[in-house]
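Think of it as A, B and C in the order they're written, each chain with its own count starting at 1.
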Amino acid sequence: MLIFEQSKAGRYAPAQSPLDKADISAIPAQFRRRRSAALPEVSEMQAVRHYTRLSRKNFSIDTQFYPLGSCTMKYNPRACNSLASLPGLLSRHPEAPESHSQGFMACLYELQEMLREVTGMRAVSLSPAAGAQGEFAGVAMIRAYHEARGDSARCEILVPDAAHGTNPASAVMCGYQVREIPTGPDGDVDLEALKAVVGPHTAGIMLTNPSTLGVFDRNIEAIAKTVHQAGGLLYYDGANLNAILGKVRPGTMGFDVIHMNLHKTFSTPHGGGGPGAGPVGVSERLVPYLPVPMVTREGDEYRWLTERECPESIGRLTAFAGNAGVLLRAYIYARMLGREGMPRVAEFSTLNANYMLKRLQALGFQAAYPQRRATHEFIITLKKQAKELGVNTMDFAKRLLDYGFHAPTTYFPLLVPECLLIEPTETEDMATLDGFIDAMGRILEEATQEPGLVKGAPHTLPVKRLDDVKAARELDLAWQQRDAG
Amino acid sequence: MPFIPHTEQEVQEMLAAIGVGSLDDLFEEIPASLRLSQLDAIPTALSEMEIGHLMGKRAQQDGQPVCFLGAGAYDHHIPAAVWQITGRGEYYTAYTPYQAEASQGTLQLLYEYQSMMVALTGMDVSNASLYDGASALAEAVLMAVRANRKSKSKRILMPRTVHPAYRRVVHNIVKNQQVELVELPFDPQGGHTDPAVLEQYRGEDFAALVIPQPNFFGVLEEVDALTDWAHANGALAIGVVNPLSLALLSPPGEWGGQGADICCGEGQPLGAPLASGGPYFGFLCCQQAHVRQMPGRIIGRTQDLDGKVGYTLTLQAREQHIRRSKATSNICTNQGLMVTAATIHMALLGSEGLERAAAASYANTRALVEALSAIPGVAPLFDRPAFHERVLRLPAPAAGVLRSLAAHNVLGGLDLSRDYPELGEAILVCATEQRTAEEIAAYAEKLARVIQLQGGVTCGLVPKE
Amino acid sequence: MSNVPNDLKYAKTHEWVRDEEDGTVVIGITDHAQELLGDLVFVELPEVGDTVDAGAECAVVESVKAASDVYSPVSGEVIAINETLVDTPETVNQDAFGDGWLFQVRLSAPAELDDLLDADAYSDVMESEAH
């Protein structure tokens, strides 16, 4: 039942707003609202009960194993939330003067420095509000760099066909054309195909390494050389940074610009779809173009760097300093991991992924790249099951929900048919992984013996499979009073 | 090992199952020349106690000054229940609801959010949110260029009364797609966009006119006349609104003869703490005709196999993960957690509660302006109706005055000299429903003292009695 | 295998063309194309009066899982669009070669018709894509 359907006209129970209504009659009637907005009228308890109950219809990291590939659903430490919510931090106005911001700015500055070190870049700006905004910032910097050199023929961004959809979309938002580069049979970028298309029109290439195929591109040095020689720049999509944290640095691989997804690698909460944070790091030649604001240190004092101090910056992308609260959570997490904890993230996430892959293969599941070492995630393809049993990847995914596991990423990357992209993260213990593997084994049996059970899944959740076609054809995007009937 | 549950024995079992000898062997495909050995610049790990001490110290260091700053982020009361429920792990640690059956909590909540935003703005549809108000305006501008089939233009009329940071953000995001922002001046007496200034653009092709309400100065714009002008001239009307003000003010869906086509804004006044500027959320609403040009997640109500009502992501074919280079935007996130808070916030307060918070903010700002204007040389700059912010002219350099006030633990407002040098020594002030009469009186007293110390009335004005 | 009427012409990108023999043609997507896309939920059509170029994008057909561009197989001016598809896009799924037509064009370069595929050649295209 919707909160609107619990509403009763004339009920007014909150203690949370002023007890009296101030006089607003001096606002001329032409500007005023004629009818009150039709928001629900419920008591505090009704609202609390309603939203508490709704929360119980969600899978989450706190309640379930959530091996969603490419999303790094690791444990979100409680301390990060409670310490980032200390009163002085929560109540700080974004325009508060530097004199009243030194504590906050110290955290940002140190986070910038830590991210710089772990990525091997020359400088970092924390301001992009999410991974996709980090991508936008990165490509905009590539553009600014070429433009500043008067190199205006570079109109093309290269993107491997396995890339996240955000990569081509970000490139287009920056005014570039996109050219896809095919992947070779072993999962690495097709180097010959790349060599055939780079040239004076190449602005740059956007790469995820390890790629979305769950493998580390072994030719990365050759790719970097090829693109650099053609005058293009290398963009690193940090979606899979968890796999190599503290083990390899994008800066060492030859990348000129990188974005990080702090809600993945640095364990800030996913919040049902956001907020994220997408800091960007750059090599020496792109430093002048970093988005503002940033924090610098002069003696013992922290100062903001804004458009005024950085005239060549691509500017700001949100009104203030990005998702500051997310940055604080990432800072706290990074301090708790410390120097020694960072490589462990890569090691144990890779251990978990490879263990799962080996055990699933033993059960008869087919790896997309069996000859390759998995990184922190891997792909299995259910092509065979779909063909022989008529039970496809979506059916497996839905049946996993019945077993109490969130489904892995399905049907992505697009170039592997009937695929599941599985990312366990380092924070899951062996017994949980075994439980998931056992469930996959049982579903395979069910698919053989009783396929209807799998195809009709889920059976135990608040709703059964939803009619997406009806949702898109008969758009119902907001509750209307008339729905009350 | 912090956050890693493996025992040594398990590690050995797992390595054996994989068939490698050590953790390091798992990285064998990475060329040795690239491998990293040191992270010298990263400090060693802290325990929860140690990081707790450090963060406690830093939070305390910044103090908790009394806030008369607004300018896009407002110090409103947030009911205790809002973040207690929002902080539940089921909301806090879930992700984008791709598996609808396992995400009905988030999905139904987002559908309720969309419904509430539709009720508040008077528009037909809402998306499930964008990053913040400024980037939402950039998306609204790009959306208008796509949606306006009558216009071939990529030019947008952008009043100078729109938040300066928003104008910068819009420029930074849209410029690479050759979208041009044409600035409209404001009326120096009223602090608003005089509809008459639009006449010089009659007959030219524009994709949209941006209409802020209230505008950056807090002043109310002639939204009906501006909206009608846009429509009469083949442009779409984009409203940029403060959602709390909509509890009192005419909603964009009712502006002029046909209503605005798109409206957006900063959702922070609906349950998000100030928190140094984020995370907040941007909202974006539009008329039904434009829904397929809207970027971001959208939730629809549908049925399951048994005919039971359920909720799901819909219109996904617009989005980057399907449409790739032809998507409406590169955005993947909504600010889900902030929207969770906003939905609970609106449910708790209802329209009556929002009206009271908005009316109290309006009244407190009036009281503040009255108290401060009693100081010789301090006067409000614009004479038109305003919501909960006002521009005041000071008889002394604004930057110095604000610095002195901060030293007395008062954030006295925003110095406008950088973005609006033509206003002279002027500040933008705001008093939300949280400010008390005592705080307002104390601000007035401190301001009087600071101005006196800084030379006070130098312009020959006669002190008021 | 989908049905491929002999009286139509085809483009490699899965559009069909019916010559009305009055200087105009009717254009749609093939049965094979609608099968690949699945249940259509939206069709975005050009506007009457628009000029279309052979090989250029001029419409979009959208299912839950995919959105696909439609390329005009010929050049000319759009003189009619199938407005019923706005409310019932499923017509394309039900009758791709008939009631599910998309738009009609007055040819500006009638010779372009000769470059299009016949039913056999289009069947070969489908065949080769299946492998």
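Definition applied: a contact is a pair of C-beta atoms (placed from the backbone, for glycine too) under 8 Å apart; a residue touches a chain by one contact, two chains touch by 3 or more.
What you are looking at is a predicted structure, and each value in this text was computed from that prediction instead of being measured.
Contacts with chain B and chain C are shared by A. Counted by C-beta pairs in contact, the busier of A-B and A-C is A-B.
Between chain B and chain C the centroid-to-centroid distance comes to 44 Å (mean Cα coordinates, whole Å).
Separation between the centroids of chain A and chain B, computed from CA atoms only, is 21 Å.
Work out the mean CA point of chain A and of chain C, and you get 38 Å between them. Each of the following residues of chain B touches two or more other chains: 317, 322-323, 326.
Within chain A, contacts with two or more other chains are made by residues 468, 472. Residues of chain C in contact with two or more other chains: 41-42, 62, 64. Only residues 41-42, 44, 47, 62-67, 69 of chain C touch chain B when the two sit together in their complex. Residues 39, 41-42, 62, 64, 89-90 of chain C are the ones that touch chain A when the two sit in their complex.
Against chain C, the residues of chain B that register as touching in their complex are 149, 292, 316-318, 322-323, 326. By the touch criterion stated above, chain A contacts chain C in their complex at residues 468-469, 472-473.
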